[in-house]
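Note that chain A is present in both complexes that follow, paired respectively with chain B and with chain C.
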Partner chain A sequence: MVFHDPEGMERLRKATPARIGTGRAGTRPTTREQLQLRLDHAAAVDSVYGSVSSTLLDELELFAVDSEVTDKELYLKRPDLGRQLPESSIRLLRERCIQAPQVQIVVSDGLSADAIESNLRDIYPALLDSLAVQGLTAGTPFFVRKARVGCMNAIGDILEPEVIVMLIGERPGLITSRSMSAYLGYRPRSGMTDSQRMVLSNIHQGGTPPVEAGAHLGSLIARMLELRMSGVSLEL
Partner chain B sequence: MALQQAGGNGIEPKREITSVGIDIGTSTTKIVFSRLTVGRRYGLSMLPQYQITERNIIYESPMHLTPLIGESQIDLPALQQILSAEYHSAALKPEEVDTGAVIITGETAVRSNADSILHQLAGESGEFVVAQAGGDLEAVLAGKGAGAEAHSQRAAGTIVNVDIGGGTANAAYFNSGSCIGTLNFHIGGRLIMLDKAGTVAKIYPAARQWLNREGLWLQEGEQADWPVLQEVTRRWSELLLEVLLKGSDPQACPLIYGHQDLPAAFAKETTVTELWISGGVGALMEQAAPRNIAETARYGDIGPLLAHAIKKTAGHYPVKLQAAPGAQRATVIGAGVHTLQLSGSTVYADPNLLPLRNIPVIELVWPVQAQDVEQPDEVLASIQAAFAAGAIRHGSIEPEAMQFAIAIPEITHCSYAVLRRIAEAVTGCSRKYKLKLCILICENDIAKALGNCIYLLSQGRQACVCLDQITVAHGDYIDIGIPADGNYIPVAVKTLVFNSTN
Partner chain C sequence: MKLTVSLLGESYLFHDLKELFAKANEEKSGDQLAGIAAADDRERMAAKLVLADLTLADIRSHPLLPPETDEVSRVIEEGVDETVYETIRSWTVGELREQLLAASESELRRIGSGLNSEMAAAAAKLMSNLDLIQAAAKCEVITRCNTTLGERGRLGSRAQPNHPTDDPLGMKASIYEALSYGIGDAVIGINPVIDTTDNIIRLLHETKEVIHRWGIPTQNSVLAHVTTQMRAISKGAPADLIFQSLAGTQSGNQSFGIDLRLLQEADQLIRESGTASGENRWYFETGQGSELSAGGHHGVDQLTLESRCYGLAKAFKPFLVNTVVGFIGPEYLYDSKQVIRAGLEDHFMGKIQGLPMGVDVCYTNHMKADQNDMDNLAVLLAAAGVNFFIGVPMADDCMLNYQSTSFHDIATVRELLRLQPGAEFSAWAEKMGILKNGRLTALAGDPTRFI
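Right, the complex of A and B next:
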């Protein structure tokens, strides 16, 4: 592409990850651009249907349980099932986890296994560091396959933590398929709503840096414990 | 999700900071007070980040002649009197001023007592007021104060702002909202002083040498020759603009001084589209051109003639020329309004350790250009080299008193493994050099994670201040203020070069 003001175009491009200044062939996108778009779309689909490797879970010593959902199609169609745990998972949690911890860390693939694969190694140890610096203690961390954010209520009912932090893959987009969010709740129990939770979003290498997100979570959790609340009523 | 929008839209309380700028120049001294507003930049689902959202000037002093004792000294008591009267007029007390800068510019910076006066005034002017000096910094502050930096963000091409005062001309190039280079010249309106009758009252050494070399005849105590004055200002204008606009080799220009931030070839490659003139000479461009010596000498120097010589010469170049808005006060506005930076909000600092003043910055250099710091040995070697450099340059007889900050440049992908390696190396070096306080400034947004890591590795024994999102360069000095609401830390980066015009 030849631009009237290439310097200015470059500046616009740097200001946004959106697809701008890509040119056209007649009234349609160029073949190159069309292929790039399909490639990015395929990557997004792959990360929804992908799964987190057991290598990663073993490395970070996380055991895995299932949500009420058995396959990805059902997961996409029935968000309510992603918020519930089957009897087998409940039993496993009761057996293996410390009851009523100060902080419960939960990881889930959610809508992007890719997000967990590419960020967990960085955010998780930084989160543990920040809890240690704040003098907070964490319970037994674990991984839930195909969970929704609301699953923290079901987990809260069983383990009764003071604070839960859930690291979960975000819905992938065409810019990145690797974005992760950290959802936080003070005393998560059945009936807790979105407005009572907090989120640190857009965690990936090109967004909120995973290590710094982990470090910030510790201070957020400390503040939640201090004021005994979370969500929109918590002033930061 | 619903939560991501919650609270993101302007429900944040606004915070205000009162800032002072004091510019002690070759011919004039001026003061401005401004109010800076701080706001949160993103919604609550992002890492907190604060920035200065508004800059309003609340008081501007008139121009005062810089008081001197004889030839070589600044008259401190007279200067203090001026300042105290201006604080009174602005209805502000020094203790109500949160931040700001005192800058000593042009020929005044070479006065024998410049250094001590600058630090004394900075101490007396407010809570967190810093001392600044140096041609490059002056150029940048003037360009920011004039608005050239902000304008370059919207305009195509490169904008050059030249602040021409009594003793020096300081040029800064701005492109896309940032300064890309500076150049300093011994060109100024007051380098040749005239009395009302047109007799040469004084010629500064910087101009004297050049006049002799050029064979131009001007003698103190003698009547100035009108054609000679015209010739002097014409040649100065040509020398200035040849370098600034045409990209002639700065090294070959006899009037340039200080180090050149700009590679010789640079000006050739960049397209300068606009030339802004600030400073006293910029303001004079707006007035009628002097027709004879008497009209030239109305301020006791050749300033008016120089202003119009530049205006005329610039007509030969394909650039848009303009006198910068608020020309004469560009530097003082820059000093008052643009000195303060806010650190990222996720930082690591024990408030009991702050504030810190006059901390020299040592820049760490990563081994590979791609900033691929996956090589453990090389990471360690780079960090050790930076600490060793700091110990050599800023070590004292008592190791306890040694203080410097290490600037950690960008890391393309800062994984936890890399972070941990850096923390281990830093902790080891701090112990080796018995640093009472370890100060780190990271380009990446990793300060809090890094600080946490160092705290745990040293079992809480290594005191540490770790900041990010502050722009520093090797050789700068920084002042670190007290965190406001635990949200952000004000930082002032200082460049002090006193002998720059020698």
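Right, the complex of A and C next:
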């Protein structure tokens, strides 16, 4: 497509990640644009249905437990089950984790395995460093397969941490399928709601870089411990 | 009221209307998540058969959510034309379906005015997809803001120029692209990332500026929470429409931070201080499953609750009602089959209650659906006479992270089914040289003409 103002078109393109100036074939998109859209969707779907490699978990010395749901279809249909832990997981946590830690780190694939694969190697050491800088101690970190954010309540009931930080894959978009969120809760226990949690979202190389996010989390957690609260009522 | 049936050698008993209504639905993951869905297809059919023999008076005298405890129920009951209701109260739901399918357009309008939202939902439960299309296609719902929408032969479109940081040029870039495809006649409506009064004021001014500069016959809207819009409008920001998402129960609305009184205040404000010329000043959005998601469903199925959103919306004479059908996720609508069904149901239930229904034909990446499914649903809805679609560059919303219909898709459906944008906007687009005799010209698709 030849534009009336080609330089103007470049300015518009630079101003937005939206797919503009794409041209057309009659009323339909061009072949290249149509296939690119399908390719990006394929990457997003693969990320939802993918799983985190044991290599990554071994490398960071994270052991893994299941949520109440092991099947991906059921995981998508029943968010309530992703918030619960089966007896076998509860037993494993009791056996292997430090009880009542100051900070409990939990990782889950959530809706994007890609988000964990591409960000965890960067955010995890940065998070540990920033906790150390703040003089905070972390409990025994672990990975939960197919968890929802609300699973932090079930974990809180078992391990009784002061603060929990959950690194979890976000629902993938087409611009990136690799976005991760860090959810924070002060004294997470049954009954804690979204409004009592805090979230640092959009963590990926094109958003908040994971190293930066990890470094920021330590001071956020220190502030929560100081004020003994988390959520919308915490003024930052 | 008979709530039992014997079917294929088994007898079925439904304890109340809530249970019957839920089990008579086509399969939806949201009803399953709520634990109220039929156990299998036979039980589903048993429920449909029992429902078909209930009268409209049975439904009205056994409210699913009593008006005494739910203000949405009160609004719905006040919206029923009692004179009409008296003439149809003895019909069974099965008869209602047949009457709706056989009625003339004017008769259909009359019947619709005598229904409450539960009756409209009950009819939908007995209808096939083609029934839903056929009945809805007979409902012409015309609304007026700055421009007119909903006339037969017209297919409106919202330009949805969202941007991940509300960047002014980035937003305008998508508006220019939309206009160059003849998109934006229903509304230029942006979903803001930052829900602060100052930001909403800025976005209202910026959208209005584009409209003024090019003399575009349309209306603007910024889809922030209604209270933020009210603060912006009170400070003099130019808004043609005021927006809010609705739920079908009082507690659902509470979780959205609204109630009837707040909506009435907003209504008064937009009528006194809005910038539009016509009488229809609201833009509502809805979608099956939001009440369950908000913990405010009271054991009522998601189809019926969606219908109740329309009963509530009706009281405010909206310019646009949009069901964002595939946005909520797979725990409510699992796959393309469920989304297509829900889109047709919502459109029918809204239209029969007299609402200017548009549909955001859309899906998220964790649903079992893709762009081909949206192609299908868009054509079905256009055949059903949908008032408008949502237009997003190449269908990919780079802020909300979901896929809807593209500018290309809307232009294609218009060409296929010989539909035009709204009359005033069409004349403008012809004058601008984007359309000629309703078709895209060689100039179409070039956003730089609007820089």
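Operating definition for what follows: the second predicted complex is superposed on the first by the 236 of 236 C-alpha atoms of A that agree within 3 Å, B and C clash if a C-alpha of one lies under 4 Å from a C-alpha of the other, contacts with A are read in each partner's own complex, and residues count from 1 in each chain.
In this text, a residue touches a chain if its C-beta (ideal position, glycine included) is under 8 Å from a C-beta of that chain, and two chains touch if they have at least 3 such contacts.
Everything numeric here is computed off the predicted structure, so don't read it as measured data.
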Query: Who does A:Asp157 touch here: chain B (first), chain C (second), both, or neither?
result: neither
Query: When the two structures are overlaid on chain A, which partner does A:Val133 contact: first (chain B), second (chain C), both, or neither?
result: first
Query: Touching A:Pro125, do we find chain B (first), chain C (second), both, or neither?
result: first
Query: Is A:Asp66 touching the first partner chain B, the second partner chain C, both, or neither of them?
result: neither
Field: Which superposed partner A:Leu37 touches (first chain B, second chain C, both, neither)
entry: second
- request: Kindly classify A:Ser201 by the partners it touches after superposition: chain B alone (first), chain C alone (second), both, or neither?
  value: first
- request: Under the contact definition given at the top, report the residues of chain A touching chain B in one complex and chain C in the other.
  value: 5, 8, 11
Task: Over in the complex, which chain A residues touch chain C? Could you list them?
output: 1, 3-6, 8-9, 11-13, 15-24, 27-29, 33, 37-38, 40-41, 44-45, 47-48, 76-80, 111, 171-175, 177
Statement: chain A contacts chain B in the complex at 5, 7-8, 11, 121-126, 129-130, 132-133, 149, 181, 194-195, 197-202, 205, 208-216, 218-219, 231-232, 236
Query: So in the complex, which bits of chain B are touching chain A?
result: 1-4, 6-7, 44-48, 156-157, 176, 271, 346, 348, 413-417, 419-420, 444-449, 451-453, 455-456
- request: Could you please specify the touching residues of chain C with respect to chain A in the complex?
  value: 29, 32-33, 161-164, 167, 169-174, 176-177, 329-331, 334, 364-366, 370-371, 392-396, 398, 401-403, 406, 408, 411-412, 415, 440, 444-449, 451
